[in-house]
Amino acid sequence: MLSVAEFDKLAEQVSNWGRWGADDERGTLNLITPEVVRKGTAAVVTGETFSLAMSLSLDGPQNGVGVRGRINPVRTMLAVNTPMSPSPDSAAYSDDIVVTPTQAATHWDALAHCSHRGVMYNGVPADAVDASGATRLGIESAGTVVSRGVLLDVARHEGVDVLPERFPVTRAALEAVERAQGKPVEEGDIVLVRTGQASRFLAADVPGYRRSVPALDHDAPLFFHERGAAAVAIDNMPMELLPSNVEDVVLPVHILCLVMMGMIQGQNWVLEDLAAACARDARHTFLLHATPERFPHSTGGLVNPVAIR
Amino acid sequence: MLSVAEFDKLAEQVSNWGRWGADDERGTLNLITPEVVRKGTAAVVTGETFSLAMSLSLDGPQNGVGVRGRINPVRTMLAVNTPMSPSPDSAAYSDDIVVTPTQAATHWDALAHCSHRGVMYNGVPADAVDASGATRLGIESAGTVVSRGVLLDVARHEGVDVLPERFPVTRAALEAVERAQGKPVEEGDIVLVRTGQASRFLAADVPGYRRSVPALDHDAPLFFHERGAAAVAIDNMPMELLPSNVEDVVLPVHILCLVMMGMIQGQNWVLEDLAAACARDARHTFLLHATPERFPHSTGGLVNPVAIR
Amino acid sequence: MLSVAEFDKLAEQVSNWGRWGADDERGTLNLITPEVVRKGTAAVVTGETFSLAMSLSLDGPQNGVGVRGRINPVRTMLAVNTPMSPSPDSAAYSDDIVVTPTQAATHWDALAHCSHRGVMYNGVPADAVDASGATRLGIESAGTVVSRGVLLDVARHEGVDVLPERFPVTRAALEAVERAQGKPVEEGDIVLVRTGQASRFLAADVPGYRRSVPALDHDAPLFFHERGAAAVAIDNMPMELLPSNVEDVVLPVHILCLVMMGMIQGQNWVLEDLAAACARDARHTFLLHATPERFPHSTGGLVNPVAIR
Amino acid sequence: MLSVAEFDKLAEQVSNWGRWGADDERGTLNLITPEVVRKGTAAVVTGETFSLAMSLSLDGPQNGVGVRGRINPVRTMLAVNTPMSPSPDSAAYSDDIVVTPTQAATHWDALAHCSHRGVMYNGVPADAVDASGATRLGIESAGTVVSRGVLLDVARHEGVDVLPERFPVTRAALEAVERAQGKPVEEGDIVLVRTGQASRFLAADVPGYRRSVPALDHDAPLFFHERGAAAVAIDNMPMELLPSNVEDVVLPVHILCLVMMGMIQGQNWVLEDLAAACARDARHTFLLHATPERFPHSTGGLVNPVAIR
């Protein structure tokens, strides 16, 4: 169990406050330079593409009350084959509408998603998020999110389909996988961490998917910080261990990544097919496209991430 | 004015029914092979990125009744700095929910968006779209949408910021721009057609954006068909001239692209910044990421398209 | 087990098709004449009022998939103490928005809610309900719903707080309660049937509330028909036994009430406090106000019913 | 023009703070005793009923941005004639879902709708309304709303169909109408004020309905206070003159009614048919049912009010 004092030291260690200016709202996404994008492009070998998104439907992982109001998406029709004119030669159109939490399924946490002791990234006061939304640090600050992606397949490294319940994905664990895979994470990369947990969701076991999941431990952000990761995403819902291994602190990884580092983090990403392909030819880098939908002032980023190998 | 009989001949000319099998639901997206994706990747020179999306907000281009129920997106908060525990050392979180038509702003029309004389692409009966959604040809059929993109900047070619009202973007016009830009559209490319109309929207002139817009004429799909385009997108709302130049037929381009060719089409794309960059170095190809959000059975595809030059 | 043939005979027996004209869309609500309203008014003795509605919130009885898309209501804020002007002397306002199925909690089934063998009440074709809503028999056809109400407290009559699981509330059971309570149901009355099941909901036992509930048996509509009830409501979710006691027929009571009689029916009504008051002074009639919200073309009627004793 | 100091004196004059206890959240609704309800019942002569609600549809009076996010209601289908079982003898069902601001059309303002200088009714701090809703003074505090209703038909008294633009409905104007109609408003009554403005809405003239409307002037609340009205409703959108006749104060009537008196107020009520009936037999009292839907913590109350004459 880490003490609060030790946690505060860790927070100081990974802090990026002021690094890109007092007004910066993009945090570690600043590390994605045009060169990094070109490096991502250069990682494409075969041209295969992989969507990493869950379907946005009533069969999603939410229950409406775990996070109050986070329902599963509801999609209904506005029109079904409505004729454009009385002429039988005209087109007819169909149209739909959705109600969805921005964090219902596969998503990014915006920097505005999380505050700690009254502040968010770069010292922005927590009340910059109010009933009107995130007046600062909203998902639109992210802009485009395209970079080289690196998969760290912890489950496969451990020789299992899914990591055991509450398996702590520590900094050391990430280093071990990185070493075994043989290719270091570099500055500007987006890191995808696989626990295998999403396979439970794909098997329609929502309770199993939600139950005491294997996830990031509190020192994992140190790894991301040292490597200069631009963003990180994972294949479970909470991102990190619940309860955490830090005394009195719920969501220490959220605090370290979002608040201290200014690094957006992704949850409910489905990495199964991508990971299988990476394992086949032992190649774990790719071009990753993960630009969220631009709902201004949103604290979450709806996204259908695509990896191109 | 084209007669219905002439239009029917045109429809036959561009038809792809059966071309990829009787059960195919991806249409011209089948033309995007891994080689094409690699060609798209190879088009990246500088690594600059451009989002082509409008913001999804109440300031959008809809009025709720033009297409009945197509409102502008409403985003509200589910939580604002809600503490995760009583401890002051814990994180607090914020969360939001959106109500949005899938075709509210920048989007793809799914093949299920349009039917003609009771059928959709590949002969699928129109009633495959019902109150439950698109049981076939929904946006999830598209899968990933990544390819080489080509901008055809008609407005700039004509020497104007915005094409005149109701300017018909014909096949000949597209050929002329292609010729002038010096680089042919190739099989599998996604074509972006710029009329300049989105600049009105960016200037907050929604009525002007909606009013009798410059758009595709009915023979434009011939151009896309001949080149083997995988998809096409434009910077206005209706895609095509309203009213059309085909007798008795409303939305002939929708019919030709969606129903006959099986080609998804994009609307309300913002091409201003991308076009300026393309003009600067006379380079009109790029890698285009435009994978829609995966709302199963949806007739529209919410998307934040990104071009990488 | 009733056979289909026997059920069809029953349906014929209670049919009101044509009774109020070929175009009628109000069905048994026609039985509420001004005289009946005055009789309802005359039933008021003390002036006490009772709301019979569940709260419309995320803690409601729905799960989103039992009836696909019937989620619990989500309410969020549009504004929180937004100042009307810069002057500190001006008012500030707060505002909210809800997403709710019309049948999420306490509601009326509109006549359009149910079809049988392709038709609805009065022979209206089932396809009068389409993706645009109920073009006929929608809840707006009901108009105002105010009449004398009569509580038939089956649970109390059986000497229990809640009737046993799958207890069949038959015509005979209703007659027995009516006789014991000493006051006959009369033409135009709205009948409220109490099983006690809603007490499970009030105790926050949603699974128990949903599980194999005591409910109307298939011959109960005969009772309503013979008495000339204008409408009927109950304190459970399905209204009737699930599965039913009619061979091959799911929802026979829905068919008899909605389709054959043209009688709207209410579900998820909370009758506990009203019933206790009625029992105290052995007076089971009251003025009932239960006019649904006017969402045109809706198949369900959101309502906060109020009894005045 | 009233000065702020004079306005503050007016506010003090009508204040009900503390009158029903420090914790009271019902305000003037406390004036509706069982005796008052019985008096309301006694006002019923013919048994005719009148709904006073607008339809809740896309054709409503909102534009989405006047009050940001107040869109018109959107209703879509969850199911259309979905069979309950494969048997053709089973029922099929249809179901719908709505998205609606609670103040989209005919509604009550909850006491939580409005704050002034940081407080609401009875001194409740304004921040009792937060992103989660109204933790105090929400519409559920109103409970049932049933009383004697009194129509004050100002338009008819002035001999016009609609009062002129910006006609100020002052205390004196209300007194004059009351005197002319011959029946005083009594303690516990709900007062309905008719300007005729809703006739513009019924004629589908939404811009006309919204434009500089005849409405309550700032001293009208004195009248309600002196008479002991339990609530007041009007047939326009803003309730009161915009801009007001009080220096620096936007919405003085909201402040006086909601914050000072603790009196809920209704807007967008349709009084045309009721008023015509009242005029015919010169009888302006009736039983009024106006219990809002119970969305807990809501600042607005969706309602379909019904008058019974």
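A, B, C and D label the chains in the order they appear, each numbered from 1.
Definition applied: contacts are C-beta pairs under 8 Å (C-beta built on N, C-alpha and C of every residue); 3 or more make two chains touch, one makes a residue touch a chain.
None of these values were measured; they are calculated from a predicted model.
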- To the nearest 5 degrees, please report the angle of the rotation taking chain C's Cα atoms onto chain D. 180
- Query: Does B-C or B-D have more contacting C-beta pairs?
  - Reply: B-D
- Task: Mind checking chain A against chain D and telling me if their interface is mostly the same residue numbers on each side, over half, or mostly different?
- Result: same
- Task: Report the inter-chain centroid distance for chain C and chain D in whole angstrom, where each centroid is the mean of the CA atoms.
- Result: 27
- Message: Averaging over Cα atoms per chain, report the distance between chain B and chain C in Å.
- Response: 46
- In angstrom, rounded to a whole number, how far apart do the mean CA points of chain B and chain D lie? 45
- For chain D, residues contacting two or more additional chains: 68-69, 71, 74, 76-80, 97, 99, 130-132
- Quick one: do these chains touch in a line, a ring, a star, all-to-all (complete), or other? complete
- Note on the structure: The answer for chain A against chain D in the complex is residues 68, 74, 76-78, 97, 99, 130-132
- Contacts from chain C onto chain D in the complex sit at residues 4, 7, 33-38, 41, 44, 46-51, 53-57, 67-71, 73, 75, 77-81, 84-85, 87-103, 112-117, 126-127, 129-131, 133-134, 140, 143-144, 146, 248-252, 254-255, 259, 287, 289, 291-300, 302-304, 306, 308
- Note which residues of chain B are touching chain D in the complex, please. 58-59, 64-65, 68-69, 71-72, 74, 76-77, 79-80, 82, 99, 130-132
